[in-house]
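Letters A, B, C, D and E mark the chains as written, and numbering starts fresh at 1 in each.
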Amino acid sequence: MTTILKLDAVCKAFGAVKVADDLSYEVAQGEALGVIGPNGAGKTSMFNLITGTLAPNSGRVVFAGNDVTSHNAARRCHAGIARSFQVPQPFSHMTVFENAMVAATQAAGLREHAAERFCIEVLEQTGLLAKANTTAGSLTLLERKRLELTRALCAKPKLLLLDEIAGGLTEAECVSLIRTIKDIHASGVTIIWIEHVVHALLEVVDRLIVIDFGRLIAEGEPHAIMDSPAVKEIYLGIEADA
Amino acid sequence: ANPVLRVGHVSPRTGPLAGFAEADDYVLEAIQKTFAAGLENNGKTWSVEIISKDSQSNPNRAAEVAADLILGDEVDIIVAASTPETVNPVSDQAEINEVPCITTDCPWQPYFFGRNGVPGEGFMNTYHFFWGLEDVIAAFLDMWGQVDVEKSVGGLFPNDADGNAWGDAENGLPKPLAAAGYSLVDPGRYQPLSDDFSNQIAAFKEAGCEIVTGNMIPPDFATFWSQSAQQGFAPRIVTIGKALLFPSVIESLGERGEGLSSEVWWSPNHPFSSSLTGASAKDLAEGYSAASGRPWTQPIGFKHALFEVVADVIRRAEDLEDPAAIVETIAATNLDTIVGPVNWANGPINNVTKTPLVAGQWQKDGDAMELKIVANSTAPEIPTTGELKLLG
Amino acid sequence: MEWLNAIVQGALLGGLYALFAAGLSLIFGVMRLVNIAHGDLIVLAAYLGLTVTAATGLHPLLALVVVVPAMGAIGYALQRGLLNQTLGDDLLPPLLVTFGLSVIIQNGLLEVYSADPQKLDAGALETASLSVGGLSLGILPVLTFAVAVAVIWALQWTFYHTSLGRAFRAVSDNQDIAQLMGLNRRHVFGLAMALALVVTGIAGILLGIRTSFDPSIGGGRLIFAFEAVIIGGLGNLWGTLAGGVILGVAQTVGAKIDPGWQLLAGHLAFLFILAVRPNGLFPRVAA
Amino acid sequence: MSNQEYQVTRSSKAARVAAILGAIVVVILIAAPWWAGRADMRLMGEMFLYLALASLWNLMAGYAGLVSVGQQAYVGFGGYMLFALTMFAGLHPLTAIGLAGVLGALISVPVAVLIFRLRGAYFAIGTWVIAEVFRLSFAQVSALGGGSGSSLPVGIVKSLADARDTREALSYWLALGAAVLVVAAVYFFLRSRRGLALTAIRDNELAASSLGIDIWRTKLVVYIVSAALTSMLGALIFLQKLRISPDAAFSVNDWTAFVIFIVVIGGIGTVEGPIIGTLIFFALRETLADLGTVYLIVLGLVAIVVMLKAPRGVWGLIRSRFDLQLFPLRYRVIRSGSSKGA
Amino acid sequence: MPDDILRMQGLDAHYQDFQALYGVDMHVETGEVLAIIGANGAGKTTLMRSITGLIANGPGQILYRGVDIGGMRADQVARLGLAMVPEGRQLFPSLSVEENLVIGGQMGRRGAWSLEKVFALFPILKERRAVPSTSLSGGQQQMVAIGRALMSNPDIILFDEISLGLAPIVIKDIYNALPGIIGEGMSAVIVEQDITKALSVSSRVYCLQEGRVSLEGASATISREEISRAYFGIQ
């Protein structure tokens, strides 16, 4: 089993707030890793460090065997990292389909015609095909989140970073989302998924890490982690001795 | 019907140079009246149509409207006046499009050298009448020589067509001033619309200048003049071209406008009269004041004279259908106009002829400020109307 | 000594630039509005001053009593009647509308007042000077500088220590949500523009006393004002003052080397600062 | 349900008709020297140059999000290069125009490195200051007339062609060629992958960069290409004006404000906008210019009214009314032949 | 009806050509917690924005204590005592945490809520009161957004997606705080995707489907089947 992503003692602080504090872990090729942690723990910041949106104060990010710490976001994307944004970042004046096309042509490097077919496929998978010609700016919050997922998929990533995509879904929608992500995972894509909707997360991931104050405080088999006293206390708010 | 001859006219009706053209309406109206019956040429009567366009004080626009007049209105003669910013682009268009062109109201050096004219060759189709820097210098020296002041002169020349010409080491003020025994302190070309003249003032103070001269636009002069007072610089004579031409500028300076001096190209006291209407300089100036309620300005005479020359050329031309013949006629002009004689045969250089120039000072006359002619040895036919008084 | 003189005169000139810039900085900060007409509004204020002094014979500084409220009212009306409709994420509508406004003001002034240069006659104030350590300083530039400091102090205080200032910042961040806080954004923006034009009114009168003006000189003033704002860093009015001073000193020092360099030196100083500090010298932390 | 039912199209019937009509119009325009008067040709030549300037500005502002109020820097630079290269290096004017483009591209690189540090309104003002620096710098070059400016020697103009008619036709064709070239280049660029990237950047830089778009490089390319072409246009413009001076060459009103006016009136962010805008601008100018101040006041009012009532310009109005695209860029997903509901 | 604090009558809402709400009839009783549920895009946010005046609607479509607020601007509505915790938090980035709260209270309406009380509810905010609101995490921002709305001492408070993006611990805290918030006699409307949660805190529930009310009932008695039918329109 090869390692696709490795964080090596990554540190990042905004003034006094440490969002990554000596953060080290590895993700294996083909794995699905879940990330939980209290609000403000530094989960989204960790994604920013992996994708190159943020530069670390110290430490290294290694992707597919290459040290990418000094590479910009675009370069890392070409190397195979794609993400969804927690706060959706659509190309508001472009249609949903064009949003997808940007990913397919720029990130995945597909030629025009192949890109078109591929985007239609992905849109169908994520349930946005009916909105293909709609301007992204007029989507609802949740549709925007789905667009985030669509775009990330259209980039044909090796490593897919998902930041809270299940929030606000109805039960039925959530089930279909889980199915989609499982399919993606089954096709060989490595996934790191930040999610507060823990039950959805547990359906998919092989391993769970817990972040608090930028530090990795627990890591291991998902259900075991969820049952651990630390997680109960800091994350679920269940008093350990109750 | 009579054949029609079209005259194109470009001037800065609007924009920062609009002061130069403020009397255009008045002058053109009078001219059109005299042209109303048509002009005789070779026994035929020609109707003359004047098409006037605004350059908006913008050289780009001046080129534009000149081309419009030439290509669109197909004018037979094009005329322009007021500063190199108007005169040069119009002349250039006329030259390349082979249309006869007469211009005025811009010293001839920026006109000639500013257009890359080559002495001895000159231009094919474009002619200019006004005075030159040598006349300004002579008039200034004449004025300054009347009083006893330190012969140290501070120079203020902007980096524009006029300023570069006035300050030019070869053709501008420096050489003749030195020859006349004056030392010139010239800190260098400043960019028009500067907010600060402290450095120039410091340099003038340092050198003990008692005279300040140059060519400025009014806002720059106003800034300089109040800063001088603030910074304790009190020259005895201040003689500035362009900025001090217009009564409105002097008025805006209040008390501190009194005693400033300037070149005088034309005034109601000039002993000339119009070849078209017979009116004297005084008649023309008073006519304007009466019609507009505003004081007379110097460009009035030249604008009138411009059309005197046009009328004269139309009358004399051998063949008004042929541009080359018109150009020939212009070159052969010999006319006494309201601003003095215009005769390109006596030009200092190809395509240029000169009119007389004297120097004057703004002095209080009753309530109003009046431009008195205080030095006339350059053109003794123009009588002086006052005596130079030192400032301060 | 000559260099010192150049620097001191430049710093005083900077006070005037800071005054030009303060109003711009305020509306830029509150509404993200790039007001191309700002320079022309300064000139408009000078002309209002001219009209008032001509009609009443008041000293130009006393004319402020009329001009300042008038400019405030114009600002409020302009904002509510016109500029409010242009605000949004897009930079262009305000840019173009204020550009149109600039053309209209300029040519309107030309129609009404003609192209003649005008000046406000402040009598002895214009030429009075005081001597400090061998330097001769004009009372007017010193006064201008002092006014600039006072105005900027007042604006800064308003912005960060009053509920009006808080309202300015909130509305500038998110208009919809600010509405939910009971803030009428149209009114708040109107007040911001009114305040900005009050400052512009003061600047215009001081400009009119310092130098003569005609309807066309607004553009040149506008660019200095922008430079001062950006050098100082957005949202920091003291920075704007510093920006004005840097600009003024760069100009006079540049002119000392060669008068042709006066304006160029100011622009180059601006570009240099951008090259080393793209957010200006004193950007407000974490904005 | 198979996605074979769905098709993606980027063209439309209107666009195909427009392409044919457009080709016919271009042919008619090429023949203008045989049917139009001198003044009309000059006017059309000027319109073409403005159309080209406007299309380039539209590419920068409407697509790359680079709102520049300093494009006069390159117009003036190109003009001065024409003068310098013909007067001092003795080059043929046409060679000089080409070389002006190359030099414009070269000088735009360091400029871009500096002003790309700025965003939005900051960028706009930065470009303006750059243009002022160009203006003031050229005002210091006394060989080119300093602040007074310089005229193009008649001999150089005549080297284009001896006969006046040929010369006029030639400069007309140059202008027409420039306009067609620029509009076509902008259109095909926008249809390309890079065009899509550019539009994405305009909408959201953060998302664009994380989808593999090198923002800096994409914008740089657009900026440099615009600078090069604008410089060439500047050289062409001043070949017609015959006289150059810093104030005229670097006039923010003539080369940027009017251009912005054209683009915004016509419809920013569309290829059609600048064409419509140019027609409207010149219609206004030709009917009102003699009114002087009133003309400019009207222009200001028109700009304000259009911005308030139709922020997407005249073409935006037409497009929203008739869903018309003459230069189609959008992708449409259509369901082929099926009548099934969702 | 005197007990109604808010009543919608035939409320329509549009985004340009697109109609998002069709003749919605709905009322909120004084002092109750009303839940609104519905699939994505059903029009829940649109409803909230209409009530608060951020989307214009016709006269007579919304009555607040019997007063027609249909045509009013958002700031006028806010002054009458309506507050909203918007979807996606939307704090003022250039205001500090404390200023964000204070500006909520700037209308000067009297009532139980003050800065101290908000800080007591969310102690972490007191700790970070001076920092810019942008440097808070998502959950902390949601706390500020709630505090900000409370600071205006509204008579009715609207929560759009109250728990979206929050860690379970925060959701728990917020729901624990809810009775205290409502206890002061305030009415509340809650948009919540977690139906169980929604039913447990509310007295009545409406379900929206494609811009229309598809179900209305008492939270305690409504059945799961009814809800899923109302959600998706499956008969």
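The criterion applied here is as follows: a residue touches a chain if its C-beta (ideal position, glycine included) is under 8 Å from a C-beta of that chain, and two chains touch if they have at least 3 such contacts.
Just so we're on the same page, UniProt names per chain: A, E = ABC transporter ATP-binding protein; C, D = Branched-chain amino acid ABC transporter permease.
What you are looking at is a predicted structure, and each value in this text was computed from that prediction instead of being measured.
Any chain touching chain C that also touches chain D appears here: B. Ranked by how far their CA centres sit from the centre of chain A, the chains are topped by B. Across the assembly, the mean Cα position most removed from that of chain E is the one of B. When the C-beta contacts at B-C and at C-E are tallied, the pair with the greater total is B-C. One inter-chain figure worth recording: chain A and chain C are separated by 48 Å, centre to centre, where each centre is the mean of the chain's CA atoms. Mean C-alpha position of chain A lies 75 Å from that of chain B. Computed centre separation for the pair chain A/chain E is 29 angstrom, with centres defined by C-alpha atoms.
Rounded to whole angstrom, the centroid-to-centroid distance between chain A and chain D, based on C-alpha atoms, equals 42 Å.
Within chain A, not a single residue touches two or more of the remaining chains. In chain E, the residues that reach two or more other chains under the touch definition are 135.
Within chain B, residues 14, 159, 189, 191 each touch two or more of the remaining chains.
Chain pairs recorded as touching, per the definition above, are A-D, A-E, B-C, B-D, C-D, C-E. Touching chain C in their complex are the following residues of chain E: 52-54, 73-76, 78-79, 83-84, 86, 90, 92-95, 99, 102-104, 106-107, 132, 134-135, 148-149, 152.
Those residues of chain E whose C-beta lies close enough to touch chain A in the complex are 15, 18, 39-41, 45, 87-88, 135-140, 142, 161, 164-170, 172-173, 193, 195, 228, 231-232.
Contact residues of chain D toward chain C in the complex are 61, 67, 69, 114-115, 117-118, 120-122, 124-126, 128-130, 132-133, 136-137, 139-140, 252, 257, 260-261, 264, 268, 293-294, 296-297, 299-304, 307-308, 311. Contact residues on chain C toward chain D in their complex (touch as defined above): 28, 32, 34, 82, 85-86, 90-93, 95-97, 99-104, 106-108, 110-111, 219, 223, 226-227, 230, 260, 263-264, 267-268, 270-271, 274-275, 278.
Within the complex, the chain B residues that touch chain D are 13-14, 53-54, 56, 58-61, 63-65, 67-68, 71-74, 84-85, 88-89, 92-93, 95-98, 110, 114-116, 124, 158-165, 189, 191-192.
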